[in-house]
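Step one of this worksheet: look at the structure below.
Order of writing sets the labels: A, B, C, D and E. Residues in every chain begin at 1.
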Amino acid sequence: MLDVVRQILLRDLRLAFRRWSEMATPLIFFVIIASLFPLAASPDEAQLRSTGAAVIWMSALLSSLLALDGLFRADSEDGSMEQLILGPAPLGLVVFAKIVAHWAVSGVPLLVLAPLAALSFYLPLTALPELIAALALATPTLSVLAAIGAALTVSLRAGGTIIGLLILPLTGPVLIFGTRATELAALGEPVAGPLYLLASVAVLAVSLGPPITAAAVRTALE
Amino acid sequence: MLDVVRQILLRDLRLAFRRWSEMATPLIFFVIIASLFPLAASPDEAQLRSTGAAVIWMSALLSSLLALDGLFRADSEDGSMEQLILGPAPLGLVVFAKIVAHWAVSGVPLLVLAPLAALSFYLPLTALPELIAALALATPTLSVLAAIGAALTVSLRAGGTIIGLLILPLTGPVLIFGTRATELAALGEPVAGPLYLLASVAVLAVSLGPPITAAAVRTALE
Amino acid sequence: MTSLEVRRGGIGLLRDLSFKLSPGQTALVTGANGSGKSSLLRVIAGLAVPAAGRIDWRGSAVHRLPPEDRGEIAYLGHLDGLKQEFTVDENLEFCRSFWKGREPVEPLVAEMRLESYRHRNIRRLSAGQRRRVALVCMRLKPARLWLLDEPLTNLDTRGTEVVIEWLKGHAAEGGIAVVSTHRPKRLETAASIEVAL
Amino acid sequence: MTSLEVRRGGIGLLRDLSFKLSPGQTALVTGANGSGKSSLLRVIAGLAVPAAGRIDWRGSAVHRLPPEDRGEIAYLGHLDGLKQEFTVDENLEFCRSFWKGREPVEPLVAEMRLESYRHRNIRRLSAGQRRRVALVCMRLKPARLWLLDEPLTNLDTRGTEVVIEWLKGHAAEGGIAVVSTHRPKRLETAASIEVAL
Amino acid sequence: MNAVPMRSRLWRAFHQLGSPPYVYRLAGRLAPWLGVASCVLLAVGAFWGLVLAPPDYLQGNSFRIIYIHVPSAYLSMGGYVLMAVAAGIGYIWRMKLAHGVAVCVAPLGAWFTALALVTGGIWGKPTWGTYWEWGDARLMFELLLLFLYIGYMVLRMSFDEREKADRVSALLAVVGVVNVPIIHYSVEWWTTLHQGPTLIREGGPSITMDMLIPLLIMLAGFSLFFGWLLCKRLQGEILRRERRTRWVQNLAVEAAA
């Protein structure tokens, strides 16, 4: 069982590094969004600080959604998905491994980059640990949600963009709690409340997400 | 000659309606960004108004980039692009028609939706004509730029996301002029300056873009 | 297999088809374009559910097989199921470890004349070379039932001969195969029954 | 065609190949998997540029042909070049109008037995049915030079016969065709020369 | 009458520049001269600029960073133009060597862009009170130039065939060249914190001789340094591209012997 998770994880990570431009791009995308935004907005420090949290979370959300489009599409267009479905492991497990791999290449680097963006929006240094914690709890949920969307649309050519449509409403709570946590942290107030909420959403998503995703993939290819 | 433009235009528009979810999504994406953002940021009217222009332009940019990934990818993966290259018309013309079709389904609806978003950011009603004019001049440029990016990456599986990296730097001027125009309009000041600049950039893009894009497509499939 | 009915998109395709294969038998599925060969193979593989009837594999319906028994079925469809960004070797290695195959890779690669392409990305192979890799991949699964949908597509004469050898060997070891094809003459020597749709 | 050299990814493929076709001739290109048949056809079509040598079509190099003369070349590769979201009819209609073909569609569709699928999306056709549509599409171009890369892929017996008829008819009208295949026997009757790679 | 031999001579020079062994040897011969000359110029310029030149009456000693900032800023832009021109030539005349030049220029240009950004930032702190100013057009477009360099390199790496990478990335390089004039004129088109044109402007440079001469020396030194690095990289690139040819293998045999 665990062996299968390890194999798929390795395969997907290796694929991601092989197409490393794909891997690096959402991040660069994130950096560019975070740097073009102040250009477009008026570059007033106080104002930048107050919208900083929102922009960081919006762009984290967008870049993680962008990264997840190919999660099942590539596999189903070249016939690999059929092979995985027929494989000697429950599909839920395979899907779980794929989500973890994708989180590792899209979510984890965000944890490293977000603080840099935060600084460019003049967020106080003391708020960084909370920002990173909030992102660490939120990105798995975003990955799971995007995976569900990717699976639902895998049989449509249009998938790429319809994911946004299906998933954005569901990401609302994550976005709100995350921004709340960051804002509170910037003001030096305690952030335990929103962090707990983010954590419980993450637990829910990670436990229920893979089986739902697996069912969607299977149906899409039937 | 013109006949070819008409045929490709019709074909692509019809394809877009056939895959209507793909067509609708960037727009809904746009609406959701514009509506989630005030939610994530603190809903303070004065502050929303001041960042409104920037957010509208950022999301217009992102959604038009998202929409354009499939511009050449679908055609090249199923072999249609080869047929178009070998067709009885210069490829630049074919590409031009494809860009126009895509602008018609991604840019034009933005012109309708952007004012709604503007209102949700408390931009004054009097600034609407200028906002629409600026978007009308800017979206063709964005479409051309995104088409160049899409063409450069057709032969890469990973294309979808790398486009952002290649093209975002080039979209800088459009974003700056556009936001400037919107901000000036919101303050009730004359916007002719940035609009002229947007228009000249658009002329440049629309005249030089298609041949470059055609060269890129041809090379990618060589 | 009991009387089987398959539908696609609400249209009945196959009706009252039924056959039974015992160890060592190879069935050729033939029929005009669109007669339902691929659909039949997908149903047998458990990728699609029959509209009526059932397909049994050792006493239980295929689409309810527990994952550990699915390892006994190897399916190769019209699509190759290879990763374009991986080299031949990497693809084969994944197949082998995912399916816990024990067959050595070397002889198969040599038989399919892929030695000098082992480190090349699938994207840069010709159509027939890709098909060869996909066939080797299929062989790496320790399966007793082979489901091959037009395996000869794009293969040259030598490749075709290798596939025939493989089918014969598989039958000799007591394996079962269902092969769809438009060239039954070519595969005749390896087949024991023909199912014409 | 003067002495031709083709490379892919820096590796020489074909060297010093040269042949010349006159009106009414059909060339079969044969060779093992990976011997360069597809690459040769792409070069002739002008989709790729030869590393050395040149290919002339009525006196000028193919990859420099002005668009209005490119209409004389019809190419069908391993990929079908059809839009999955369009119906058979819509695909054919686009081909005809884009290429300004004058051949009537009905008889071709009937020959390929596609009448009852005319309003169905390509996505919902079988592999062989798609290939048939692609072949009809190719026929709708008013071309004098046909370049067909394994046209028989996935076709059943009847489909194959139709292709042979078409090739014969094309030659009889003074057309030229270059056809790559792994089944030269099957196409023998329609071919005048064979180029073995 | 004169035009014919003239043109044919030019044509031959062009052809020679397309011949890898010739360029390999040319670069090998140029490299040491460039290296020595750039070291000398940099040493002289640095001594003059950092020690001999008087402090600025407004900025004190912090202005001395100009001797790094301005040359690297110029080279970041000049490098891009060079890269785009080389890539364009490579695309149009299918000249592999020109692509090789573009490939070698890209990382160098990116480094100089980064250097211009960093030194500008360091200089910004004492003069403008901030390292970085979002919304300043010159700064933003210089940053975008860096992104363009990176995009060029990323795009190349995503292809596994060198030839295709060459041809596709060349188009990107050419398109991106519009950014260079934008950077240059940004100080005139937008109101910015950044200094207006100082050296290249109508009516001659607006800077005292004491500062100008060492700046020009540094500029020349940096350019030669750039050329030196370029020659070195180009040699490596040529060997990599031509490793299957007879002359490179002969070279390896000679080196071994």
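FYI, contacts are C-beta pairs under 8 Å (C-beta built on N, C-alpha and C of every residue); 3 or more make two chains touch, one makes a residue touch a chain.
All values derive from a computational prediction rather than experimental measurement.
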| item | value |
| --- | --- |
| Chains contacting each of chain D and chain E, listed by label | B, C |
| Top-ranked pair of chains - ranking by C-beta pairs in contact | A-B |
| Chain whose average C-alpha position is farthest from chain E's own | C |
| Separation of chain B from chain C, taking each centre as the mean of its C-alpha atoms, in whole Å | 45 |
| Chain B-chain D separation of Cα centroids, rounded to whole Å | 37 |
| Where chain B and chain E are represented by their mean Cα positions, the distance between them in whole Å | 33 |
| Two or more partner chains touched - positions in chain A | 19, 21, 24-25, 28, 32, 39, 42, 157 |
| Shared-contact residues (touching 2 or more other chains) in chain E | 140, 147, 150, 154-155, 158, 161 |
| Touching two or more other chains - residues of chain D | 9, 49, 78, 84-85 |
| Contact set on chain E toward chain C in their complex | 160-161 |
| Touching residues on chain D, where the partner in the complex is chain B | 45-49, 67-68, 70-71, 73, 75, 77-86, 90, 94-95, 97-100 |
| Touching residues (chain side chain C, partner chain D) in the complex | 8-9, 31-34, 37-38, 78, 113, 117, 124-129, 131-132, 150, 153-159, 182 |
| Chain B to chain D touching residues, read off their complex | 4, 7-8, 11, 14-15, 18-19, 77-80, 82-83, 85-90, 221-222 |
| For the chain E and chain B complex, residues of the former touching the latter | 91, 137, 140-141, 144-145, 147-148, 150-151, 154-155, 158-159, 164, 167-169, 171-172, 174-176, 178-179, 182 |
